[in-house]
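Structure below; questions to follow.
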């Protein structure tokens, strides 16, 4: 009781500290991320893999319209989890920031530079009043000087670099799978397989291509590329991740 | 009890997260949408159908003045459900955005582009303080490069693309009907029939032409066109959706 | 009990939604309208009639100074119910908007266009913080391209078009009378009679010319015209609506 | 109990409606007016009379310094009741507005025009947040095109025109007297007498010239003129309104 | 109980009315004035006297530094009671206002004009939000066209003119003494004596020159002049107001 | 109980008065001053002495970095007690103000002028909302026209001039010592001794040179000068104020 | 109970004082610092050492991406503890401030000057409303005129200079170790060893090079330099601080 009523006192204000030094609004924004379906990122020896679970609930919904995978620049992709409309704001910010960088310096923006510009923007919403934090986490993947890089932004505005990670629902279970299976020397195909398997590890009924988004950024071409549904289907088939009987599905 | 009093603590502030990561004001705005009479959208092989239930309660009210169907651009129509005055703000925004696009690029705006401009505008009202979210959902239909497209905007600012959908009162029942009867290869006439039948499925007493608004955007002409009352009447008659005895109606 | 205390939680904030999707401040502003004496509008075949009950309580008060009927433009009149000072703001807005339209386009503003400009202005006060909604409803009548038009603006900022309507005290009773007696083919004189009779239907003691304001906008002349007290008196006499014994009146 | 606690919920906010459509802050500002000593205005056939009860409590106070009568323009006077410092703001506003009008149009401002400019200013303080309403009522009297006019502004920003009125303490009792005795054909002298008698009707101990302010605006001269103490004394004497024994007064 | 809890509801907001039309923050500011040591003003036939009780509690404090008497202009002095730092703001305002007047019109500002400029400034802090009222009362004395004038400003922003007055602690007792002893035909010396005697009437232990400030503005010289400690001492001696045994004083 | 709960109602708002006319935030800021270690100022016949207790708790802390003594201008020094970071803001303000004065008038700023500029700045933070008061008291010492001057600024923004004073912890005990021992004709050395002895009177274990800051402003040189640790040590030794056994100290 | 509920009343507001003169939000921000992993700074005879514990919890996280060590200028490094995203804002501020200084004065910024610019920035967030304090402490180390300097900034905005210090988790235990072992004449290698040993003193399981960041600023080169993982490993090995059996580590 005591603990709870005390907590209530601090979690209403947008940007204030609790007595134990926590920012509840930021922590609640993390809960908003957990409510969103998962996205997965894997860094391989020759590129980055982004995978998004679109969680499509109606056959009338057009799957491609569920925005969880975004091209931020030719060589940078972003997968999100959490509040979709919030994600769009940050994606827009990232795109504009990339374009301005290209115009100003005549070269593509670095993935780390871009990530930190985004997190600094996020941080402002956790410190200055008059707005709530962003309820979204991003996986930003791309190629920096020929090297694959994979970053996370969280609602506090902290940037992290990962070899492989998940954001959104079931994050810790998916990461557990990644931790056990990750190998730095994997190629892109291996990375796609690992990402799908990790996501499947928390979906007992298997995965359907229509409900997934998969994108890669190859170290050589430095191009963001989205796999079409058939390609995803064949990966799922190859890794035996399709539902046992897809006809029973709604 | 516990649950309820806890909820009360978070749903008063306009733009803050609850401990479980929800934005109550946005969810309440969704309730405002549900309080509004339904609108229906259907994407067919050769165009888009928009249908609005105007719910006219007095014979002294001029039916055409109930604003639920709007022309946003020559090739784009919008049907709304929820707070009428809020809808007008978003429609105005959509119209100005379309015009500016035409002036700047010399070509009609894409339906998806327009939808996302509208949802980004909506999102701002859910994150930045000093205003409440929009209490309205829109169905935005139109032709993109000859293809019929059908989008939804919700109070959180998330865009969705649909084959067929309903917003407002009885949404799930109407969508249930649409899901069972929808066929992608329908023509516009078939789409109008489906929309009317879906709406009628939740109105036991039948539908009256005067209380309905129907508009189409044909893939060929790329023109938003409103059906007149007689046309609607004949569709209702054809599908046997008229009230059994219209004379008993007030 | 539960219901009431829950309501209290939401109706204090100016612009936030209640859990069931209502905007209490707007609904309370509607109560402010109901507290005001009634105004009536009737659309006839050859013009529009506006009638206002001035509810004059003291013989020392100068009846003409009670502002319930306003000329917005040569061809547009406005009757109000509710908060008088709020009405003045909207009337001023309507007048300035009409003048600017005249200057910019060289022609009189459309009645529908004007109404929607006013309702958009009203809507802003229901969404953006820092001010309360307008506690007033307007009846805007005038001539559009030779056609009589009659609109209502409510505190939510929704525009409605009517054949005949009442706003303010006893609205539903007056409208009940209008619904039964309204005939579209009435001429202006008939419209004036109907309006007076409808108002009298909720005033058992009869009506006095001094306490009423009557204005017409004729489709031919397209001029807003106020009836003088004698004219109103003779209408009242003709329709047998005068108090039985006016001498007993205070 | 219920009623009271419910009221408390609404009367704290500056500019919000109560569930029954009232603006409590405006109603409380009216209470501030009632706390102030009375002012009286009388419109006669050949001019306007303004009378102010200065309620001087100490012989050390300089009576002329109690500001209740003000010259707004050559042909317009203002008497106030309520919060003195608030009145000064409105008087200043009225004076500046008059001067600007004179400069811009080369002629004196109309009394009605001036009154409505003042009430529109008052209304803003009742709708837009960040300030409280004005706690004062004004009687604005003057000559329009040779005609005497007499207006009231109340804390809601509503303008009223009167033949005779009182504002401040004992308003209704004084107006009762005015209602019984008022005659439109009175001359200025008669108007002064009526105003003094009306005020005396609520002051059992009689009136003293030193504690009163009397001003007239004559239709012919169109000049605001303050009576000196001797003149007021002789009027009081003539109407037998002096205290029985002024020596007993403090 | 009832009364008190009701009061609490209204006295927290800075600028709102209570149900009985009072502004609690202004009334509390008046309490801040009462907490300050007294200042006294006396208008005599040939000038104005200002007296301030500095209430010096430590022999280490430099008496002259206690700011209660200020020269606002050559011909205007100000004595204050209440919040010292607030007083400084108003004094600064008065000085700047006087200087600007001198520059603009080439002549010294009128005492009444200056007083009203100060009270208008004070009033703003009682109506517009975002700041508290000034917790200080001023006695403004000076010469207008050769005539001595003596004004008071209170925390509501109301100006009063007095023949003699006190502000601050024991105001009513001091004014009682003034009321009994005041004579309009006194000269400046008589006025100084009266002011000191009035202050001594509420200080049983007598007065010490070091703890007092006395200033005069002579009608002839029109110059603000501060008495030095010896002069004050001799006045005290002459009027037998010194402590019986000053050695016992701390 | 009553008293306390009533107090709570008023001390949360930043700048509002309590019913008894107090500004709680200012009084709490005074508590912040008391929480800080003491500073002492002494005015002697030939200059001013400033002494600061740095209260150094760790041998790893660099004593000079504890900011309690500041040079504001060549001829002005400032010692502070309370919130260190707040003090820095006021010191910066004082420095910039001094420089601007030098540039504008070509001569060093007066100590009294500077003090009042600082207190006016402090006052703003107690009246205008959106910020808290400064939690610091300053001792401002310097030379005005060859005369030593010693001022205090408190959190309310009131300036005081002193012969000798203390601010911060144990203020009243230190001042008691000063009051008993102060002699106006002391020279600077005597003043240093008095300041150290006064501080030692509340430190039973003696004083250490490393934890103290001592500065003087000589009337002749008009230069702010900080004593080095050895000089302080020898003063302490001379006055027998060193700890009995400094080796036992941490 | 009493104490706690009283505390709750004051710790919600961002920038207000509690009755005992504390700023709770600042104290809670200090708790946020304690929640962060430790950073250590040591000043040696020939340079400064900065050490950061990155507390890496997953092998998939890229250690270098955990931002706790930053180069602010060629000759200045910063280690942080607490809220990472907040730290980034202050680091950015420090970098921009350094660059502007270089551009304006043509020479590198002083370490003390830079520290105080940062703390002044921090202080603003504790006094002015609309934002929360920074939840981070910084260790700023560098070379001033050839001398090594080591500063701390805390959430209140107070600057401290240290010979050696720790911020973040287990601060007092680490400082205890530093206090016992610190020798001013150490060289850089000795300083690195001391920092590592001090951190190891609170990590029973030993330290791993991958989870640590070590940087030095040499007095001669005046260059910020980060040690690579192998160098750190060999230091750990040399000081016998490696985990007993690194293979068991996750």
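Here the chain labels run A, B, C, D, E, F and G in written order, and each chain numbers its own residues starting at 1.
Quick note on the criterion: a residue touches a chain if its C-beta (ideal position, glycine included) is under 8 Å from a C-beta of that chain, and two chains touch if they have at least 3 such contacts.
Per UniProt, the chains are A, B, C, D, E, F, G = Proteasome subunit alpha.
What you are looking at is a predicted structure, and each value in this text was computed from that prediction instead of being measured.
S.K.: Hey, how far apart are chain D (Proteasome subunit alpha) and chain G (Proteasome subunit alpha) in touch steps, shortest way?
M.R.: Tracing touching chains, the least step count from chain D (Proteasome subunit alpha) to chain G (Proteasome subunit alpha) comes to 3.
S.K.: Chain A (Proteasome subunit alpha) and chain D (Proteasome subunit alpha) share one sequence, so how far apart are they rotationally when you fit their Cα atoms? Give it in degrees, rounded to a multiple of 5.
M.R.: Value: 155 degrees, nearest 5.
S.K.: Quick one: report the Å distance separating chain C (Proteasome subunit alpha) from chain F (Proteasome subunit alpha), using the average Cα coordinate of each chain.
M.R.: Comparing mean C-alpha positions, chain F (Proteasome subunit alpha) is 69 Å from chain C (Proteasome subunit alpha).
S.K.: How many angstrom lie between the centres of chain F (Proteasome subunit alpha) and chain G (Proteasome subunit alpha), each centre taken as the mean Cα position?
M.R.: 31
S.K.: Which parts of chain G (Proteasome subunit alpha), given as residue numbers and ranges, touch two or more other chains?
M.R.: Correct list: 129-130.
S.K.: Quick check of your reading of the touch definition: is the inter-chain graph here a line, ring, star, complete or other?
M.R.: It is a ring, because the chains touch in a row that closes back on itself.
S.K.: Touch as defined at the top gives a ring of chains. Read it off for me starting with chain E (Proteasome subunit alpha), then chain F (Proteasome subunit alpha), then onward.
M.R.: E, F, G, A, B, C, D
S.K.: What residues of chain C (Proteasome subunit alpha) sit close enough to touch chain D (Proteasome subunit alpha) in their complex?
M.R.: Contacts found on chain C (Proteasome subunit alpha): 8, 11-12, 14, 24-25, 28-35, 58-62, 64-67, 83-86, 88-89, 92, 125, 129-135.
S.K.: Which stretch or stretches of chain F (Proteasome subunit alpha) touch chain E (Proteasome subunit alpha) in the complex?
M.R.: For chain F (Proteasome subunit alpha) paired with chain E (Proteasome subunit alpha), touching residues are 6, 9-10, 13, 15-23, 116, 119-120, 122-123, 126-130, 151, 156-165, 175, 178-179, 182.
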